[in-house]
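Several structures are given next for inspection.
After this come two complexes, each holding subunit A, first together with subunit B and then together with subunit C.
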Partner chain A sequence: MIIIFAVFLLTLLVITAIAIVRAENLFVAVMLMAIFSLLMAANFFILDAADVALTEAAIGAGVTTVIFLGALSLTAENEKKVELSRGVAMSIVTATTLLLIYATFEKPKLGDPEAPVHQHVAPWYLSETPKLIDIPNVVTAVLGSFRAYDTLGEVFVVFTACIGVLFLLSAKNPADKQSRRTPPESIGLRHHLIPKVVGRLLFPFIVLFGLYVQFHGEYGPGGGFQAGAIIATGIILFALLEGEKTALAAVPHSVMMAMVAGGALLYTMVGVVTMFMGGNFLDYSVLSSNPVFGQQMGIILIEAGVGITVCGALLAIFHAFAARENY
Partner chain B sequence: MLEQVLYVLSWIMLTVGGFFVLVGGIGALRLPNFYTRMHAASVTDTIATFLVLGGLLLQAGLTIATVKLIAILVFLLLTGPTASYALANAALLSGVKSNATFRKVNGKGSKSGAGQETSVNQETDASQETSASQENNEEQSK
Partner chain C sequence: MELLGYYNYWVFAIVLMVGFYAVIVRNNLIKKLLGLAIFQSAVFLMYITMDKVEGATAPIIQEGVTDQIYSNPLPQVLILTAIVVGVSTTALGLAMVVRIKEAYGSIEEDDIIAKDRKS
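Our next item is the complex of A and B:
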């Protein structure tokens, strides 16, 4: 039954991908990409990867769509016609496709217990998590503690990406200094009463759900990445409804920058503190006299750091797009 | 006895809900213009969601899943119609006419008035007739 669902969803994914490539209107392409992300999230969920599904739904279908639309409002609506011949591209794509299909023949079957991925470190994680960390969600344990270096790297990727986007978008075009009028975004959806009322009603619940995902990550699917994205979605919704100015008054640029840097700093500082207390970098066991409690404390702290950085980075990127008049 | 009644009722709700999803899908594909299509799609948002989630609620019994399902139901019943309204409002403001027919399903032609007259000739017979009648309507309204 699950296999039927999975095949159905994967077929829809392929159809959506083809539709994205064929779409000439870029708004249509962005909407199709949101659908693609949602289908992907459903697929992840079928494969029991609830944490990844949550991330994909929040970031892929939610925040990315808004940021893409913000980028589109700065450029053209339709795809540029390319006059180049497509023969080379088609042959490369065909060759890669055939190679990938050939590679799948060697792959183990779905859910095969003999698959290498289930033989390597996964059994150790599953058997040791209750003893060493004692939290029900093994994914959070792996992400936050066993593989904390990887997660630290991911946080710095988000951090660096945010800095890069802000650098690119804050470059001013000297030609249009005179045309500094009030951007249309600052009006918000003044004339759209119903979305505004419903949005105001939902906004606190979205943020509350984000906090739940943040601090419930040890027990259920969730954690810093998902929570940061959900809270950022809530604040972006607020910005869309009330206007960019009101949102910036609530969360000013200085706060966003402090969040982007502070989250990554908090993560690193946890590692430095564990070193000072006699352990290895990011070995939380030394944080408390009870090593299990120390591990839990460390995971909560670094997850908070991840959430703060992700939320700040997404907000900063959104506002960077919204603040520009033209490209 | 009560359990069986609930079971049957839940499956009736699920089936009718599925039927409305199907109707919404067919409507979104087959109906002639933007607003009627949106109307069909919003059927999926409201009555179908209500019936499917209601059916699941009856199956879940009184557990924590029930509370979550109710939360999802309330969320969808608030956001679905709002999204439909926002879509219709945006279409109205950007000048989509209610008597303008879609000429192609995947919309290669632009919806603007200028492109409409030039691209009419390239369309199939059926849409030519509808476009022609629509032009008549526009003339009459003027």
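Our next item is the complex of A and C:
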């Protein structure tokens, strides 16, 4: 039964992808992209990846769509129609697809427990996590402790990308030098009754759910990446409803910058503290006299750092796009 | 039924190449970025497909249950962080597109090239 559902979802995924490429109105394409992400999240869930499904739903369908729409409002909504010679590209793409499909026959089948990927380090993670870290969610354990270096690297990529966006978008527009029009008062969706009422009702629950995902990440699907994205989505919803000015009064730029830098700093400091306490960088066992408790403490701290940085970075990126219109 | 075991990988191949097609054929820069996002999602799908074990459940260990097998947590960790990094890099790309629009007045590749040739 589940396989029929999976095949159905995957087929829809292909159709949506083709529709995105074919759509000439970019607004339609971005909306289809949100559907694509949601379908992808459902597929991830069927494939037992609950954490990844939650991330994809919060980020792919939520934040990415908002950022694309922000960029669309600054550029153009319609794609220019051009007659292109697509023959060469089409044949290259078809040939590569056929080659890739031919190559899949060498791969182990879906769900094969003998596949090489399940033989290496994964069984060790599954058998040792209860003894060494004693938290139920193995994904969080691997993310926060066994592969903490990786996660630190990813946090710094988010940090760097956020700085890049701010760097590109905070410079003044050279074309607009003469017409220094006063920024129009952005009123958001305040005058639309239904978004206002529904949004106001949803906002506290979105933030509450974000906090739950943050602090329950050790026991169920969740963690800093998802929680940061969910809380950022909530605050972006607030900004869309009440106008950017009100949102910036609630979470000013200085707070966002402190979050982006502070989260990454908190993560790194946990590593430095473990070094001073005689362990390796990011080896949390030394944080407490009981190594298992030390591991749990370390994971909670670094997950907090991840959540703060991701939330701050996504908010800063959203506001950078939203503020650009006023220049 | 035997062949359905590969269906995920076929979808991966097709979606990957659909994204690639948008990147190489479409002139619009935002469309290219959408294509890149599709391409990226296809890679995520391949990794997550590999983590599945028949009859297993999500890798969240239940206390007192000993005979349960779990799917592989490692690809999930890799992709979880990759999704977040993906959105930040997409935002960076979009920021560049916005600046290109301001400098050239267009986000169509052929317009930009034509304008560059003129000056």
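Keep in mind that, in the parts below, the second predicted complex is superposed on the first by the 312 of 327 C-alpha atoms of A that agree within 3 Å, B and C clash if a C-alpha of one lies under 4 Å from a C-alpha of the other, contacts with A are read in each partner's own complex, and residues count from 1 in each chain.
Assume a residue touches a chain if its C-beta (ideal position, glycine included) is under 8 Å from a C-beta of that chain, and two chains touch if they have at least 3 such contacts.
Note that this is a predicted model, so its numbers are computed, not measured.
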Quiz item: Just subunit B (first), just subunit C (second), both, or neither: which does A:Pro113 touch?
Solution: second
Quiz item: In the superposed arrangement, does A:Met1 touch subunit B (first), subunit C (second), both or neither?
Solution: neither
Exercise. Identify the partner contact of A:His192: answer first if only subunit B is touched, second if only subunit C is, both if each is, neither if none is.
Key: first
Quiz item: According to the contact criterion defined above, which of subunit B and subunit C contacts more residues of subunit A?
Solution: C
Exercise. Enumerate the residues of subunit A that count as touching subunit B in its complex and touching subunit C in the other.
Key: none
Self-check item: subunit B - residues contacting subunit A, complex
Solution: 75, 78-79, 82, 85-86, 89, 106-108
Quiz item: In their shared complex, at which residues does subunit C touch subunit A?
Solution: 4-22, 24-28, 30-31, 34-35, 37-38, 41, 44-45, 48-63, 69-92, 94-99, 101-103, 105-108, 110-111
Quiz item: What part of subunit A is in contact with subunit B in the complex they form?
Solution: 22, 24-25, 28, 192, 194-195, 198-199, 201-202, 205
Quiz prompt | Residues of subunit A touching subunit C in the complex | solution = 3, 6-7, 10-11, 13-14, 17-18, 20-21, 26, 29-30, 33, 36-37, 40, 43-44, 47-52, 55-56, 59-60, 63-64, 67-68, 70-72, 74-76, 79-80, 82, 84, 86, 89-90, 92-94, 96-97, 100-101, 104-105, 107, 109-113, 115, 117-118, 121-122, 125-126, 129-130, 136-139, 141-143, 147, 150-151, 154, 157-158, 161-162, 164-165, 168-169, 173-175, 219-221, 223, 225, 229, 310, 313-314, 317, 320-321, 324
